[in-house]
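In what comes next, chain A is part of two complexes: it sits with chain B in the first one and with chain C in the second one.
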Partner chain A sequence: MKPLPKFKYHAPSTVEEALYLLATLDEAEPVAGGTDLVPLMRDAACSPSNLVDLNNVAELNYVREDSGYICIGATATHAQVASSPIAAKAPALVDAVSGIGSPQVRNRATIAGNLCNASPAADSAPPLLVHEAEVAIRSLKGTRIIPLEELFAGPKLNTLEPDELVTEVRLPAPPEGAGSSFKRIGRRKAFTLSVVSAAAYVELSGGEITEARLAFGSVAETPIRTRAVEELLRGKALTGGLLDKAAESVKAEVSPITDVRGTAEYRRDMCGVLLRRALAEAAERAR
Partner chain B sequence: MRVNFGLNGAPVTVDAEPYTSLVDMLRDELDAKSVKKGCEQGECGACTVLLDGSPVASCLVLAPQVEGRYVTTLEGLEKNSLMIDLREAFMENGAVQCGFCTPGMLISAYALLRDNPHPTEREVKRGIEGNICRCTGFTKILEAILDAAERIAPE
Partner chain C sequence: MEYDKILEMLGRKEFLVVGKNVTRSDALDKVLGKARYTADYVPRGTTLLKVYRSSIPHGIIKRIELDEALRVPGVEGIYTGADVTGSNQIGYALPDQPFLNDVKVHYAGDPVALICARDEYALEAASEKIHVEYEELPPVLDVDASLAEDAPLVHDGGNVAVTTRIRKGDAEKGFREADVEVSDTYWSPYQEHMYLETEAAYAVPERDKVTVICNGQSPFLIREKVAHIMGWDLNQVRIIQALTGGGFGGKDDQGPLVAAYAAFAAHKLGRPVAHVWSRDESVKFSNKRFPARIRYRSGANSEGRVTSIEVDITLECGAYANRSPFWLWRQTAHAAGPYEVHNCSIDGRAVYTTKVYGGSFRGFGDMALHFAAESQMDKLSYKLGMDPIDFRLRNVLVEGGRTTCDQVLDHSVGIKECLEAVRDASDWASHREPVRDGSKVRGYGVGLAYHGISTSRSTPDWSAASLIMNPDGSVTYRTGIVEIGQGSPFGHAKIVAEIIGVDPAAIRIELPDTDSTLDAKPTHGSRGLMLGGTAAAKAALKLRESMVACAAELLEVPSGRIDLAEGRAFDRENPGTGISVRELAEEMYVRGYDPAVHGFFKAPERFFDPETGLGVNYSVYTFAATVAEVEVDTETGEAAVLRVWPAMDCGKAIDPLMVEGQIEGAVSQGMGLVLMENIELKAGHVINPGFKDYVVPSSMDTPQIEPVIIVEKPYRYGAFGAKGVGEPAIISVVPTITNAIHHATGIRFNELPIRPWTIHKALKEAGN
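So, the complex of A and B:
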């Protein structure tokens, strides 16, 4: 039995109020689903004096399409995104969040929390990276919008200031002829963290790859895009030979470590395997 | 702080510290002992309850987070016909050994069959992926849930 450290609890009902609390309270942490934060607090790895609960901020709970973007509010849960017809336009994202944890986790956990927690293994990150997602960040000083890559600073480190809140994650609604896919390898099939994960996004025209984006999880300090391999794919026809070359090249672009979930060598090899699977599925969905 | 919420169909008010987890509040203040405390990390599913109808791990929910919401535990489903079918199917199929995972397993199975009365085997596996059983090896639990689904009258 591990008691939680003591803290004061705040349940604002507007973003403005939440931002004010974060700006004025000592050691304040936002909490959404609590599926990362509560276990950390129990292990005393994190003991904020003040918790600012986002769950009563109604204006943060949505998945909607707006001006060509799929927009996901900060408290939208994985379950909400998984069943959203709007998010379905980004199949890599839906596949990734449908496999995070268990129903109990997906009913509470959020995409914003998954990203802010900044784990290299965050399953929503590779799909959002290949869909060129942006993150809207607000504080009392104003709003800034950054590419998702700039949110990650290192393992479990994000680039947010203590008074800032992610209010929305948004991605361009994919055009006709685009397809995306997410593939992961875990130590078992379900309810486990990824040992390696990969996402692919392609746009096809005729048989030609007009755009290709690839991203991987758990193979570097943060989730990463592999831009050299993307360049290799652009403007070519998706042949077996090209796939072989891409699967080999990607191994030079990742820098995995050995940990309890897998060795560096295994992860590097699996990047090639997952690249093939993800690219093949993305291309199929693009046709 | 005072927390007001609906528990198993009745309004309740509890005076709880904010750093109390929902599982502790349910067991210690409200005598809902069906809710089991296992890993306290959201991993085992023994503490699964319904929050506004959806299964959640009550060890990861803070007491004040249920303010104004509805919580359902096994106690509140005692006379529910779907839960009666599930309970009987669990007993008849030998899906209970030590019993510690059973309440959480029943809550997950209930939510699954309520939303999808005739699931495939794969859908049942996905429905209970967040509930760990150390005794049965899951096969009998799977069979029990599929058996319960057969007892539900087709629409």
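So, the complex of A and C:
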């Protein structure tokens, strides 16, 4: 079997210490679950000289509510988020993280890691995008907070500097009358990458959609929001006719490719199908 | 001797253990993770071996440069074809497969050199430093390109490796008698075995001998191939087969290669060598299920009888013929399916391409064949306006019927009973209309299968087993039939236990070791329990004779009155008068009753006429029928198998639980071929070599499998009447699902796999 390339291992116990290591060591990569990083290293797609293990940094492991935000610490795993009563307020997120990988993967893999890996197929991304999540990024120079969308630069590319660390992902606690949903199509029922995924978030007032947000995975170079379709929905009553129109329009806003997991044509058509299903469920939850 | 009548011979009316569900003796170790597989025997620090392979699909080797690689620290030796002392030819059926390629490469992955080094880092570094200069040849990437007039030759002598034919009755006359006719072309792709344990061997050399612990499916074939490469006698090679984590046919073909790499390198180096494949190597380079294109024309009359079939089979070998002559023959010989058809015209050819080669895989050609044959039967029934099951019942083989090859089946034919049983269990008649629920639609399909057990035509066939009664009454059992997850050796132990009246748990099953185990031929062709079990029964009957004679002397009653049960020998007429096997065993040694026996069983002769293809091809057939309920989401194209009703005529279920286990695994593996599995190639290179993108069904995809209906039409030469189960279990699964998809959607899909985007596109085009 192909061996892992050699690396030095560091296990800081504070964020400050971790940031110092990332700033001073050559070719250093932070690692938490390692479920993306280790296979990449084995395939020689990534060969850091230093690994900075975040698992001993107690202050990064939490799911909590703070000042109107649901806050997810950098080392919070999918399993932690899936079972958190706080995260339950963002049902699309819970739907997504409960279905990623296998139980073993969910016990190790972190939400922050899933996002930093910047896969177009990352299942946690569409729900976090529709919940308008932000990412807190720290380095020795300070802290910056960016919208999640700005973390993604392309397939498997993020916008972090080598000395920066994502310390938290946070999303506004949804108001009353909000609902969200996540739908995916995989090549089997569990433990597989999404061929297409979709998340919808709506706020309803009376019968009217006062806010609508949609995001899709595996249909562009990064997980994307489809803002033209969102605009189409806002201020309207959720009718069958509107759903038809949205499902049709979304196909123009995505740019999928054909690969071993599916054809471009299929993915485009499925954006319409999943949009309907996710919107219908989000609206149901909003009522 | 009629082996299905053993119980009567023993003078018993009830079985002790046969036919009952008994916990396998290896179950606990396997569940606890304590069972040892090949890699578990390798001591830390052992020299490791990696096969250096060609990076191009087709080319002449001009030069192999090793100097730089040999200078990599930690490298202990690198060997090429030039170092081979015996034969450098390891082809299974045809001499077309070099052990190490030094003249030409035939697919991206052809073995060129063996690198030995102290660790994986050195192996990887050395791989980068080997330089092979090729004169590249144009690759041949599909069967049509291979059959084209000006196609580049993959091997000297043409791109057609082998052909087959059957001429029975008069096919054209049969079509003139037909009232309806259907024709179609079916494609069945590569499938990867994806056994959990990858290929592995650990070789320990002596001066003129080598011992290999390895996985595989035939320690005797492995021994033969290793000896052949070394230029040695069979007794200079000792193969110990460790428990094997799945075979499905793949290790039947890879076992000899992997063991030979390790044995050859260990002998050259003069020290032990371990060779364990990564998943990446296993998926890219091991043999796959042979892809096949089958053109099938069939005709039937208005009474619902099939009058004629004309079948044309093109098998894709890939780089080497490997088992393709046997595979193609099996497809040819089974072409009509489990039906009596008087007029058959069948032609087959196996064609080389410069891609990973095909080889043994559960079903051995009968998956692709039955996919075609059973789709055709469905189409005929629709065209005739008949119920698909009623139509099949008019045509199925019955006792006295004749197969595609005109072989008369004089006994052990239970397909009609299987079909009627699944019809009734699934309440078929009330599911003749597809049911729509929102975007989803559910349909029912039926599929039948028959599968000749063990090897075909005139290939000699035998099996062997041995038993030792130890002085304390414990029993040691040796069989060359291997444990690959299926449990055949434990099935043998139950047969032995039934005959000598001990607890199966008292019988210890040794690992096959060619130094002390008789050649039992391979564990393939669903023969492990059937032929191995008959040899076990022969051995057990001999041991029983010894035990009974000794007990008769001790108890002073005529031997005809002695029976053996529950670990004791006793007088049938005074059951209180008896002796424990523990005491009896010691007396057998003291009084000179032979405590060690061999059982050797030669299968009945078969024969065939090479001109017409007619004859007795397989000594017996196992039959299966399944019904499935499939749900198709018409918006997403996703198809889910919801329920499966399986039935099988396996002669006699030695252990119903093991039959159920085989069928449940087969449903999943068969479903994988139909709905999701696919080897993706780009310019001849496999691009999805792992579990991430070679998707196999998960437990969540497994349908509700209804209780297995076991039909028992005993086979005269199987112990207690048993026939093989492993392959027949998977074959009918394929057409059952495809026919159910058709029932639900009204669309026929003739190419596997049928993935969501294929269904979605077809539904879209049909205006859904």
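Some notes on this structure:
One rule holds for everything that comes next: the second predicted complex is superposed on the first by the 287 of 287 C-alpha atoms of A that agree within 3 Å, B and C clash if a C-alpha of one lies under 4 Å from a C-alpha of the other, contacts with A are read in each partner's own complex, and residues count from 1 in each chain.
Just so it is clear, contacts are C-beta pairs under 8 Å (C-beta built on N, C-alpha and C of every residue); 3 or more make two chains touch, one makes a residue touch a chain.
Remember, predicted model here, so these are calculated numbers, not experimental data.
Using the contact criterion defined above for the overlaid structures, shared-chain residue A:G101 touches chain B, although it does not reach chain C. When the two structures are aligned on the shared chain, A:L193 is found in touch with chain C, with no touch to chain B. With both structures placed on the common chain, the touch criterion links A:G177 to neither chain B nor chain C. After overlaying the two complexes on the shared chain, residue contacts for A:D269 are found with chain C alone; chain B is out of touch. Contacts of A:I185 after superposition on the shared chain: chain C is touched, whereas chain B is not. After overlaying the two complexes on the shared chain, residue contacts for A:V260 are found with chain C alone; chain B is out of touch. Of the two partners chain B and chain C, it is B that touches the larger number of chain A residues.
Touch criterion met: A:G34 reaches chain B, while chain C stays clear of it.
According to the touch criterion, the shared surface of chain A, contacted by chain B in one complex and chain C in the other, consists of residues 1-3, 6, 190-191.
Those residues of chain B whose C-beta lies close enough to touch chain A in the complex are 1, 17-21, 37, 40-42, 45, 48, 51, 54-57, 59-62, 64-65, 67, 108, 111, 125-127, 129-131. Of all the residues in chain A, the ones that touch chain C in their complex are 1-3, 6, 185, 187-193, 195, 260-263, 265-266, 269-270, 273. Those residues of chain C lying in contact with chain A across their complex are 119-121, 124, 276, 278, 280, 635-638, 640, 676, 678, 680, 687-688, 692-693, 695-701, 755-757, 760-761, 764.
The part of chain A that touches chain B in the complex is made up of residues 1-9, 11, 31, 33-35, 38-39, 42, 51, 53, 55, 79, 101-105, 107-108, 190-191.
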